[in-house]
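Two complexes are shown next, each including subunit A; its partner changes from subunit B in the first to subunit C in the second.
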Partner chain A sequence: MNKQIANGLRVGLTFGIVNIFLFLIKFPVIAGTIIKKIIPNFIVALFPINPDILDILIFIGLIGIWAGASGGRKLDEKSDNWLTSFVGGAAAGLVNALLIGALVFILGSLTDAHVKINAYLAAILPAVVKLFLLDQNTLNGSLTQFVFSFVAGALGGVLGFAFRGQWFASLKNKWNAAWASLTENPQIKKTFARPIARIALSALGIAFLLFIPQIAGKYWNYTIGTVGIYVLLGLGLNIVVGFAGLLDLGYVAFFAIGAYTVALLTAPNPHHLMWNFWTTLPIGVVLAAAAGILLGIPVLRMRGDYLAIVTLGFGEIIRILATSDLLTSFTGGPRGVTAIGQPTLFGKPFSSDTDFVYIIFIGIAIAIFITIQLRSSRIGRAWEAMREDETVAQAMGINTLSHKLMAFAIGAALAGLGGVLFASRNQFTGPEDHNLMVSINVLSVVIVGGMGSIPGVIAGAFALKGLPEILREVQDYRILIFGALLVAMMIWRPEGLWPTARRSMELHSADPEDPESGEAKTSEDKP
Partner chain B sequence: MAMLEVNDIHTYYGNIQALNGVSLKVEQGEIVTLIGANGAGKTTTLRTISGLLKPRQGQIVLEGNDITETPAHDIVYKRIAMVPEGRGVFARLTVAENLDLGAYSRSDRKNLAGDLERVFSLFPRLQERQKQYAGTLSGGEQQMLAMGRAIMSNPRLLLLDEPSMGLAPVLVDLIFDIIQQINKEGVTILLVEQNALMALSIANRGYVLQSGEILLSDTAESLKNNEMVQKAYLGIE
Partner chain C sequence: MKKYLKPINLMELLRPLGQLIVFSLGSAAVLSIIVLALAIVLNNTAAGDKIFAQLKVSLFAYTVANLPQVLVDGLTLGFVYAAIALGYTMVYGVLEFINFAHSEIFAIGAFVGVEILIALQNAGLIGSGSSLFMDYVFLILAMLAGMAVAGGAAIAMERIAYRPLRNAPRLVPLISAIGVSFFLQDAIRLTESLTTGQFNRIFPTFGNFDKRITFGKIPMGAAELPFSVPIKSFIVIIAAVLMLVVLNYLVNATKVGKAIRAVAQDRATASLMGIDVNHIIAITFLIGGALGGAAGLLYALKFTRIDPYVGFYPGLKAFTAAVLGGIGNLTGALLGGIILGLLETFAGSYLSIFTMGAAGVEYKDIFAFAILILVLIFRPNGLLGENVTEKV
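After this line comes the complex of A and B, so read on.
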């Protein structure tokens, strides 16, 4: 019991401090607006209080319950029951509530004394403090906050126990059984195993994909396009990093080469070449691939960290060249290139955001096709061996240099394609489109999605490029929320959103339900 | 003509000289062992033969053809296979995938099934564990896998680097039995070992390497009875 209380107090302190920080940046108000979007309106209408205050209460309540559940968590098998869980949760709630109450009381008193807090903390305007006090006077408001958080904590402790207890487990089992009876049903399985069913499903999926851009508005099509370009880039880098195991931090260079190729060949300035978009597209792809090979020949003899540093440098060189005064007459310099040519179809312009979504989808389809073909080929096996152990791969007869060059060139070609589409869609490209952040974002897409996995790359691109768009309403905070999500994901799901079977095996080999790793433990002992 | 002839090779790691004129011969069908203390240059010799290191001086001749300049990834096409020190199995690939990569250099894919059977008859344990990831195998099983993978390239000359390293004595016996069996099936073997007693007991001839130079070379039997070898490498006073 003492241990549980100590745990509760510790957890409460952590939550309390984090809460103070969140209050000081006005976060409860922001979070409330997001939460309210998720909750249907008629439920909100049930509470006849100021909706802004409701937002804060919901947020504080949820955090409090979380704190309580964490404070009352199971410390050991024996003493885990309703009472300890409740006490632990209450302890956490108490500390958390004390800190919140004290903070709100201090903020309230200072405001009452006409101290201008927002001179130091920009977010804490008197109106915000009034919201924190739940529209009451300083004493009552902070007391309410205190009681509310305390109750939430105690409730969290009880709820935590309920969810790890018997009835929830049985509920979960029932659900699993119901799901299994549906998916394991031989009749249903047989129907779906038929080739005609597969074709029909694929056709349905494709039809759905083709349909989306028609109903999505201009803004969403633009966002889908951006996400799609990142899918394309991610698929390319996935071949380099995920398959061949080469850490390339200068991937943006190939993207830039694609973008500048289409820009310089189709734009009226600075060269007045005004070529056709469809002619320049393959040129951009080929030039990017060629750049991949040219860069690859000298640097691919390096391994690991060295390769990362050199590619990083290469990416920056391309950007700096594009910015340089020396080349302004050739590249357009820091101001970039405008009025880049756009695609046409049968003589008509085919360049709205909706049209571009289709073009990007085709690009992705090609990239997926190439990836699947390569993965199961002799080249794919060579990459796999090379990634595992370069020396032994050589001893198996694999020419590591040529295989690395191939991975680099294919990755670069896809980046080039992405660059061409990106520049043409935006009708503009400049040095700032090609900074280091692009490389880092694409690498994050691959890692967050799950290294080596195609659906992973798609999921990663949506999470990394799509989610910030959805969070756009809370502009100032989206990087904060986004960062927190990333950290949380790396803790709880390090293998990525949609990993390959192999990678999840590695990172969860301690799981008892994994028969293979269990076997491995025993096989260590016997010859 | 000897199957493999190493003539006066000098190999460097950067500026540090590891081999100072090593010469040795391996005849068709033999088991030849290279023994010596830590840092004597045993592994360096094998890595030079397999093309992973290039000698600054000297030649490596396989059946009359100079292979000194042959890149490492082409050596296996000359039907020389290496089992590297520390096994070097592809930990994140399954046993079956490892064996399949062993046959990467083969153009006669139709004979693979037979060779796979041969590997499984030598190492029945590998057959049981085909679907298991190589990294989850025990040390002895990994050694078996590394040897099986080398055999999948259908070599005529097998280079073995410290196959007994880190294995329990009973496993060492098993591995050495299998080495002899592979040899009987017609594969010539060059064996690098610290466990000199074991190595000399199965080899036809042996070389003693010290500080990058060949100190002694003789039949395995005479080396075993050589007083200096007994003192320095066999632990017999």
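After this line comes the complex of A and C, so read on.
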């Protein structure tokens, strides 16, 4: 029991300190605006209080419940019951609530004394303090905050026990059984296995995809387009990293080559070539693939992290070259290239954001087709063998260099296609579109989605490029949340959002309690 | 009592000094010879004529006259890179993954140190009228504080974001590290903008760090070029050398160091020999983080202005340096850092003159990466990396 209380107090202190930081950057207010988007209005209307305050309370309450759940977590097998969880949660809640209450009280008193807090803490305007005090006077407001967080912590402790206890396990089992009886039902399986059913489903899907851009507004089509381009890039990098197991951190270089090809060939400045978009598209793709092969020949002998850093260097070289003075007359320099040519179809311009969504969809469809065909081909299996163990693959007669080159070239070609579409859609490309962050983002798309998995890449692109677009309010805190989510994701779901069956098995077959099995894995991975 | 009075292993104290001197002199000599040879070749071309028209000296004389300044600047930068690179390489040696967030640890060290100095300046303790002795004391204190916070942050980072992933496939901790890097960058930005909404900081002016010591004049044609080194360059070099020597001693001549090396070599066996692997890994992060933090303050001292993204490029360069020297190898990181610093400064100073302004300063980064790629093509395991034969 004492151990549980000590744990609760420690957790509470951590949560309290983090909470103070969040309050000082007025994060609860920002989180409130997101919550407002998520919760429908009619539910909010049920509560007789100011919706702004309700949203803040929901945020603080969720954090409090989290604090309580982790304060009341299972410390050892024997003494894990309702009471210890409750006490641990309450202890965490108490410390957390004390800190929050004290902070709000101090802020309130200072405001009452007409101290201009925002001179010292830019985010804390009087209006924000008023929200923190829940529209009450200083004493009542901070007391309410205290009681609220305390109760949330205690509740969290109890909830935590409920969710790890047998009650929740049996619920989960029931749900799984119900799901299995539905999906494993031979009748249903048979129906869906029929060709007609599959064709009908695909047709439905395609019709849906064709329909979306028509109803979505300009902004949404732009967002869908951006996500789509990241799906394309992700599919390309998926071949390099997911299939062939080559860590490429300079992927943006090929993207840049595609973008600059279309930019320089179609734009009025700096060369005034004004070629047709459809002519330049294959040129951009081929040039990118050629660059992939050219870079690949010298560097693909390296393994693991050396390959990563060399490709990273190559990406940076391309970016700096695009910025540099020497090539300004050729690439437009730091200011980039504007008025890039856009596609026409049957003599009519086909270049609005809506039209581009279709072009990008077609690009994705081609990429998915290529990926599926390659995966089950001889080449795909050679890649897989190489990824699992290069030496053995070589011993089995696989020409590793040529297969690596192929992976690099195909990945680069898809990146080139993405670059062409990106530059043409934005009608602009400049060095800042092609910095290291693009490579890192695309790699994150592949890993967060699930390495080697096609639906995973799509899910990853939506999660990493779509969500931040939607969460515009948190613009200021976007990177903070994104970083924390990446870490959390890697800890709790390293196989990605939508993993391939094999990878999720690989990651979960090793018993986490047994260090030896994991140890064997890492030593295999040594370069 | 005897336990604490172990004789100091003098050899281990002197060896890194010797290495540093050899590496510095060696790479400086090689680069100087290359540059001088180039100058002789280019002397009679258009590049030489242009310099002659401007300054009335031959290109060769110009190159020679500027050489000492370039060498000192290059070494200063090189030692900063080396100190950061050691953090990367130590973590890589033990855990075999690229700690992308090390550049943010560097930034944390810089910000903590600079914030303390700004607070001291506002309190009137440093700045105009303060004694020189106290200025140095406060600088050292700020640096120690930066090291402590950066080391603590590194330990926390390891505990939260890397330890749960110890046995995961290698890309997983890499992504986690990228996540930590984003998170810390923004956390620094938000913390720094708490007070005024401004997140840039300027290293306060105090002490005699900006003063230059003049070593005499170098004749360049009819004119004379003063050769002077700012005091802060000396501080950077001395601090970096001290840290490198202490680190080397720690790793090669103490019990903790032995444990670190054992864990790096074989984690499972080390734990069978009674070494607390988690503890040792935490210590490795502490040391790497503290070094990074100190390097951060040195960087702030040298370049004055810092922002939350300040760690990104030095971190990238330092990582490049670590790979150049052979990652996982402490001596290699030292050598890589020195070479990269010198290379960058040489390229920055001479490239635009040799190419008649066509390729400016911004090409120094291209140069650094191109050399890296070249070295790795011919020595895929880095300059000092051992050739690991793979077990089948």
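Here is the rule we go by: the second predicted complex is superposed on the first by the 487 of 527 C-alpha atoms of A that agree within 3 Å, B and C clash if a C-alpha of one lies under 4 Å from a C-alpha of the other, contacts with A are read in each partner's own complex, and residues count from 1 in each chain.
Rule of thumb we're sticking to: contacts are C-beta pairs under 8 Å (C-beta built on N, C-alpha and C of every residue); 3 or more make two chains touch, one makes a residue touch a chain.
Small disclaimer: the values here were computed from a predicted structure and weren't measured.
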Output check: A:D112 vs subunit B and subunit C. Expected answer is one of first, second, both, neither. What do you get?
neither
**Asked** Is A:T391 in contact with subunit B, with subunit C, with both, or with neither (first, second, both, neither)?
**Response** both
> With the two structures laid over each other on chain A, which partner does A:I320 touch: subunit B (first), subunit C (second), both, or neither?
Replying inline: second
Next on the checklist: Quick check on the superposed pair: does A:Y120 touch subunit B, subunit C, both, or neither? Answer first, second, both or neither.
Outcome noted: second
Across subunit A, the partner (subunit B or subunit C) reaching more residues is C
Can A:A382 be said to touch subunit B (first), subunit C (second), both, or neither?
first
Check: So, A:E184: does it touch subunit B (first), subunit C (second), both, or neither?
Finding: neither
Quiz item: Is A:E432 contacted by the first partner subunit B, the second partner subunit C, both or neither?
Solution: neither
- Query: Regarding the shared-chain residue A:L480, is it in contact with subunit B (first), subunit C (second), both, or neither?
  - Reply: second
On subunit A, the footprints of subunit B and subunit C overlap at residues 391-392, 395, 506, 516-517, 519, 526-527
Residue set of subunit A touching subunit B in the complex reads 378, 381-382, 384-385, 388-389, 391-400, 502, 505-506, 509, 516-517, 519-520, 523-524, 526-527
Per the touch rule above, subunit C residues touching subunit A in the complex are 92, 96, 98, 160-161, 164-176, 178-187, 190-191, 193-197, 267-268, 271, 316, 319-320, 323, 327, 358-360, 362-363, 365-366, 369-370, 372-373, 376-377, 380-382, 388, 390, 392
Subunit A partner, complex, touching residues on subunit B are 50-52, 71-77, 81-82, 84, 88, 90-93, 97, 100-102, 104-105, 131-133, 136-138, 140-141, 149, 153, 168, 170-171, 174
Per the touch rule, the subunit A residues reaching subunit C in their complex are 21, 24-25, 120-123, 241, 247, 298-299, 301-306, 308-310, 312-314, 316-317, 320-321, 323-326, 391-392, 395, 436, 440, 443-444, 447-448, 451, 476-477, 479-480, 482-487, 489-491, 494, 506-507, 510, 512, 515-519, 521-522, 525-527
